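Below is the structure I would like to discuss, written out as C-alpha cells.
Note that the chains take the letters A, B, C, D and E in the order they are written out, and that residue 1 is the start of every chain.
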Amino acid sequence: MADFWAAYQSTLGFAMVNAFFALSTYAVLSAGMLSFATVTFAALGGFLGAQLAVHLALPPVLVMPVSALSGALLAYVVALLFLRLDSHWMALASLALVLITRVVALNATALTGGVNGLSVPLSLPLWVLAAILAVICVVFWRLSASWYGIAARAVREDAAVAATLGIPQRRIQTIAFIISGAVGGLGGILLALMLQFLSPETYFIDIAFTMIAAVVLGGSYHWAGAIVGAVVFTALPVLLQAVVPDFEKVANGICLLLIMIFLPRGLIDPRALRLRRARKAPSR
Amino acid sequence: MSLFVEQLINGCALGSLYALFAIGFGLVFATLGILNAAHGTYASWAAIAALAAVQRLGLPFPLAVLVGVAAGGALGVAVDQIAFQPLRRRGAGMLGALITSIAAWIVLDNLAGVATGQDSLSFPTDSYPGGMLHVGGIAFSTMQLITIIAMLAATLGMHLLVRHSRFGAAMRAVGWKEQAAAIVGVDPRRVVLATAFLAGAASGLAGVLGGISTANVSYSLGEGLMLKGFAAVVVGGYDDVRGAALAGVALGILEVMSAQYVSTSLRDGITYALLLGFLLLRPRGLFGGTSFVRA
Amino acid sequence: AGPARAAALAPGDYKVGFVAEITGPIAFAGKSFLAGAQLAADEISANGWMGKGTHISVLVKDSASDAARAIQDIHQFIADRSVIATTCCILSPVANSVKPIVASAGIPLVIHGATLPGLPAPPWVYSMTVLPGPKDVATAVKMAETTKPKSVTYFLAADNDAFKARLGAARAALEKMGVKTAGVVSVLTADTDFTAPATQAMGEHPDAILIYTTQAPAVGIIAALRQRGYTGTIVGNDVLSPASVFKKLGPAVVGIPFPIGFSSDLATTPEAKAFVAGYKAKFGNDPDIYSAQGYEAIWFIAQGLRAAGGKPTRATLAKTLAAQHEVTHNVYGGEPITGGQIDTAGTTIVAWSADGKLVPWTGAK
Amino acid sequence: MLSVSALCASYGAIRAVDTLDLEVAPARLVTILGANGAGKSTTLRSIAGLHRPIAGSIRLDGVEIGRLPTHRVVQRGVALVPEGRMVVAPLTVAENLSLSAFAGRGVEGDMLARVYDLFPRLAERRSQVAGLLSGGEQQMLAIGRAMMTRPRLLLLDEPSMGLAPAIVDQVFSAIVALHRDGQSILLVEQNAEITLEICDYAYVMRRGRIVAAGTPESLRAAGAVLEAYLA
Amino acid sequence: MMSAPMLRLEGVQKSFGGLTAVAALSLEVPAGCVAGLMGPNGAGKTTVINLITGLLRADSGVIALDGAPIQHLPVHAIAARGIARTYQNVRLFAGMTALEQVMAGSYLRRRTSLMASFLALPSARAALRMTRRRALDLLARVGMAARADELAETLSYGEQRRIEIARALGAGPRLLLLDEPTAGMNAQESEAIGRLVHTLRDDGLTVLMVEHNVRLVSDFCDQVTVMSFGRALVHGTPTACMADPEVQEAYFGRKEDAQRIRALR
C-alpha cells in the first residue's frame, strides 16, 4: 500500500495540477467562451513565482498568491482585448496567444531562463496541494450557486437573450476571465513546484489539450467535471502503461473515444440529472 | 531582388501546403461543425501510403499522389464514422467531437509512428519530378510549381462545389441542421461521407506534396501543418474556401519573409502576433463572414 | 591500492529502471538507446559478468519526452524497492526535472542522452554522453585547413542553447584562422520546411556551410541545399551518424564530414566489435551512437554493482559509482569520468561513403 | 394512403403519443386538433421520420415507413412543414427551395413559379439568406419548400403560425386548392374553426391519445372539440 | 389613466443593405396601456422590438423611455431601465428547467451583492428564497407551475412561449414587449394570454404586443399601430384601425377574403 502510494503520488499530484488548469478553462467555458489563454496565465504565474522563489527566496505560501494575482491581472488585460471576439475566433486568438507565449518564453531569458529553463528549488507536500484544490472547489461551488453562476449560464446559452434580461455579458465574461486567470496562474506555479524545473516547453500546447480534454471528458456543465476529467485524463495513460505497456497510447485514445461515445456530455452531466429529477416528480 | 522573388516563391509553395490543409479543415468545420484535431494525421498517413505505393508497388508519381489522396479521403471517412457518427447520432455537441478527434489523433499518430518505425522517411529522389527550373535567373523546383498549381486547382474546384452547386448547398444544409436537410430529401449520411472524404483528400494532397518537398514522411508531417492550417482557416473565414486558401498562402509568405528579413527565433512570434492583431481588427476574418442568425 | 576487493556480488536479479522515449518527437533515437541497454543487460546477465548467479534486467517505462510523465515514471521506479538504479533522459529539460527527485529519494541515475553541461552530480547523477563541443571545433578547423574557405555560413538551431555554444566555439576558431562569417541562418527544431533557409544561405554565396542543428533539421537542410544545386562544402555534426540518415539522404550526404564518438563501421576495440556483433545478432541492424550510449549506461551501472559486491543498496551503489573514474567496458575508445561526466580522448572525423559506410574523412572530395 | 396504427412515441420516459390509430385516405384533408402538448407535433414528426417511434406501424400505401430515415420517407412522397419551420438558415431562399430536388420527385420549374406566385414576398427575397427572414417569411418558405417536393402526402404542422391574416387566407386557399386537385393532406392547426370548415375528417387528441374522431359536423354536434381543448 | 408616453419612437430608421426594414417610424406608447403592433409579414415589427431592446442599432432617430433617450445604451442597460421582451422564435436557455429560466430572468431583481451571494450570507439566502417563490408565482401565472422542474426544451411549443413570458416578467419590467405571444395557441389559450396581459396592465405594466391574431388585438389592446413596409400606416383604436381601408388592403388582402376570414371566425 505504501509502495503503491509512493509510486502513484506524483500521478495524483499531476492530476490535481491539471485539475487547476481544467478549472481555469471551465471558468471561461461556463461563461460561453472557449479559450486556451490559461496556458499563458499559467506561464506567467509559473515563471514569475519561480523567479520570486529563486531570487527572493520567498516561501510557497507567499509565492502562490502572487502567481494567482499576476494571472488574474493578465487575464483582465486579455479580457479587455478578447471580449470583442466571438466563439471560435476567440479560441483561435487565444491559441495564437499560447504560441506567442512560447516565443516570448524562449526569448525573455531573464524571466524564464530561455531554452535552458529554470530550476525551482521548492517542493510542495501533496496534502497542501489537495487543500488548495479543496478551497478552490468551494469557491467554484459557491460561485455556481450564486447570482454569478446563474448569469454565466444564461450568457453561455444565449448571450443576446441574457443581455435583454439585464445580464451584463461583458462584465460576467470579464469576471470569468479573471477567475480563470487566477486559477490558471495558481496552476502554473503549482506545476512548477511539482516539476521543480521549468522551460518554455512546460507551458505549451500539451497543457491546452490536457485542460480542454479534461473539461469535456469530465462534463463541461459542472465544475466537478473539470476535476473528474483531469484525474481521468492524467491517470488513464499511467494505468494503461501498467496494463498494456506496448499499446498504451492507442489504448488511451480508444478509451477516450469510448467514454465520449457513451457519455457524450461527459462523465458529470447535470442535464441528465435534471431530466431524471423531472421524471420522478409527480407533476403530471 | 532575385533572392526576394525566390523567397516569395518559397513562401507561396509552403503556404500552398497550409492552404490545401486549411481547405479541408475549414470544410469540415463549416459543414459538419467539427474542429477536427485528427485532420493532420490524414496528411501523415497519405504521405506514408504514397511512399508505400512508390516503394512497394513502384507506382509512378501521378499514381502515387492519387493513392495518397485516396488514402487521406478514406481515412477521413473512417474517422468520421468511428469517432463522429456515434456522437452525431446522439445529437451531442461539437465539444465532444473535439475530444473524439483528439482521441483519433492520438491513435492515428501513434500508429503512424509505428508504421514509419518512428523515423522520418523520404521519397526516393527518382520517384518524383525533383528538378529545378530556372526562369530569368530565378530558381524554383518543379515540386514547388506542382504544389502551387495543385492548390489553385483544389481551391477553385472546392469553391465551385461548395458555393455554386446543388450538392454544395446540401453540404451547407446538412452542416446547419441535419434534420432540416433531411426533410427535403437530402440524405445526410451521404453528404457527410462525401464531405469527410473531400476534406481528407485535400489534407492527403497536402501530405503527399509536403512529404515529398520537405523530405519528411512521418507523423510529425501532419502536426506541422495543423496549427498553421487552423490559423489560415480562421483568418480566411472558415466558411469561405477562397479565404482559407488565400490566408494559407499569405501565412507561408509571411513566415518565409520574416525569417529571411527579421529573425527566425521571432518568426513564429511575428506570425502569430500579426495574426492576433488581424483578428482583433477584423474579428470575422478576411471575407467578413456574414451572419445568418438574427438578433 | 584502495581497500581490499569487496565480497562477490550476491546472486540475484538487479533491476534498472529505464525511462524511455520510445514514442514522441525523438522516438527514433529513443528506441536505439533502449535497444543498446537491453543488449548490455543480456550480455552482462549471460556470462555472469557481475558474479555468479547475478542478472541485470531493464524495466521500461515510456515518457514520450514529457517531463511530467518522466517524473511519474521515476517515482514509480523509486517506489519499486527491487529497482536499484535508474537511467533516463535524452532531453536536457527532462533530465533537469528528474534530477532533484532522484537526489532526494537517494537512487542513482545515469543520464544516457542529454548533453547539457553541469547535469551530472555524484553520487546520484551521472552522464554517459560525451559533450560534443570540442569535437565540433576540431572538425571545423580540419575542414578549414583542407579546403581553405574564405567565407562560411552557419545553420543554427536557434532554440537550442547547446548548439548555440557549439557554433560559437567553432566560429571563434574559424574566425581566428581568418575565415569570414557570411551569415548565420537560424532554424527551429520543430521546423520541417528548409527550402527558404537554404535559399537564404545560398543567397550569401559562402564557400562552406556548417550545420549546428538537431537531426531532423540537419537532414532537411542538406536535402534542400543539394536540391537547390549547392555544390560547395558542407560540414555536419554527430547527428548525421545514424544509418537512417544515409538511408534517407543517400548521395546528398556523401562526403560531408562530421565528428563521431562511435561508429559500427569504425569499431576497433574488441569491446566495440563485440558490441556491434552482438547488436547485429539481436536486432538485425548496426548499432548507432545512441545504442552505444544506452549500452554504456547499463554497463556503467553493472560496473558499479560489481564493485559494490555483497548485497548492495541504492546508497552503496551510489558510493561505488562515485568511485569509478573510467568506464571499463567501453565502446568509445578510452573514457575517463570526471565529476560524473564521461569524456573521450580522441576525435574521429568521418563521412558517409557512396556505399553507405562511415569512413574516416580525408578532406579529399 | 396513410395508415398509422398503435403508434407510441416518447421522449425518454415521457410518453407523448400513446397507441394512436389514424387514417388518411387518398385525396382527403384530415386534421388533428388538440391542446398544447397533446402530442400532435410528435405524431407528425414520427410520420415524417424525424422522431423514432417506440412501437406501432406507419404505412404509406401499405408499405411500412415507420423505420425509414427521414430522407427516405420524403423521397417516398411525404413532405412536412414542421413546427418551428426548420428552414436552412445559411442558405438563400432560392437555395432552400432548390434543395427539394434531392427528393427526386419531378421537375421543379413550374412548381417554383407556383410557390413564388403564392408567396410574392419570397420571390422578392429570393437571394436573401433564410435565417434573416422575418418569422412569417420563414413560414412561407417552409410551406413552399414542402410543396416543391411534390408530395403525395403533405403534413402541415400549424402552417398559419406567424402569418398575417392575408397570408393565412392565401395559405388556406392554397390548401383547399391542393385538396381539390387531389392532394392528400394531414393538417395540424390551432385555428379549429377554419380547420373544421375545410377538412373532410378530424381527430381530436388529448395527452397523446385520440379522444374523438369524425366528420366536422359530427364533432361539432358532439361538442367534443371544445371539451378536449378545455382539458 | 393615460399619461405621458412611456415609450416614444421618433423618426426611427433601420436598413439592412438595400432593404429598409423600418422607415422613419414614430410611435408612442402611453404608460399603463396595452398597445398592439400589427402589419403584414416582413413589415418590420420584430425589427422595431429589436431596436427598442438594443439588439439592433437604429440608423437614425430617437427611442426614448420616460422621455430619456435610450438608443445608445448597451442592451443590458436598456433592460435595467425596465424593458423586457419575448421572442417570436422561442429562445429559451438550453439545459435549464422552467424554474431556472425564470430565475435567470430575475437577475435584475437579485437584491444581493455577488459577495453576499457567494458567501451565502443569511440575507442572500433569504433573497434567493424569495426570488424562487416569486419565480414559482410567475410560472403559476402563466399556468406552468406544475412543470417548474422540467427542462424547458422538453416542453411543447405553446408551453415554451409561456415560459418565455414568465422569464420576461422575472426581470420585473415596466414595459413588456411581446412578439407574437399566442402564435401556436388556440382561441381559448390565446384568450388566457390576453387576460394575463390585462392583469399585468392592472398591476401597472405597460405592454407592447406584436400580434397577427386580430381578435386578440381587438379585445385586449387599448391602441393599435399598423405597420407596412417599415412605416406606420395608421394608429388609433383597434376598431378604427381594422376599419381603415388602407389596412384592409395591406393587411387583410383582398376584401372578400378578409370578410371570409372573419366569417370563418
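As a convention for this text, contacts are C-beta pairs under 8 Å (C-beta built on N, C-alpha and C of every residue); 3 or more make two chains touch, one makes a residue touch a chain.
Since we're looking at a predicted model, the values are computed, not measured.
Common neighbours of chain B and chain C (chains touching each): A.
Common neighbours of chain B and chain E under the contact rule above are A, D. Interface comparison, A-B versus A-C: the higher number of contacting C-beta pairs is recorded for A-B. Look at the CA centroids: the one farthest from the centroid of chain D belongs to C. Of all chains, C has its CA centroid at the greatest distance from the CA centroid of chain E.
Between the CA-based centres of chain D and chain E the separation comes to 29 Å, rounded to the whole angstrom.
Between the CA-based centres of chain C and chain D the separation comes to 75 Å, rounded to the whole angstrom.
The distance from the centre of chain A to the centre of chain E, with each centre set as the mean of the Cα atoms, comes to 41 Å.
Chain B and chain D have CA centres that are 43 Å apart. With touch defined as above, residues shared between interfaces to two or more other chains in chain D number as follows: 14, 132. In chain E, the residues that reach two or more other chains under the touch definition are 55, 154.
Shared interface positions of chain A, defined as residues touching 2 or more other chains, are 106, 160, 249, 275. By the touch criterion stated above, chain A contacts chain B in their complex at residues 34, 81, 84-86, 88-89, 92-93, 95-97, 99-100, 102-104, 106-107, 160, 205, 209, 212-213, 216-217, 220, 249-250, 252-257, 260-261, 264-266.
Across the complex, chain D meets chain B through its residues 48-50, 69-72, 74-75, 79-80, 82, 86-91, 95, 98-105, 129-132, 145-146, 148-149. Those residues of chain E lying in contact with chain A across their complex are 53-55, 74-80, 84-85, 87, 91, 93-97, 100, 103-105, 107-108, 110, 112, 114, 117-120, 124, 146-151, 154, 167-168, 170-171.
Across the interface of their complex, chain E is touched by residues 11, 14, 35-37, 41, 83-84, 121, 125, 132-137, 139-140, 158, 161-170, 173, 190-194, 197, 229-230 of chain D.
Remark: chain C residues 23, 60-62, 64, 66-69, 71-72, 75-76, 78-81, 92-93, 96-97, 99-101, 116, 159-161 touch chain A in the complex.
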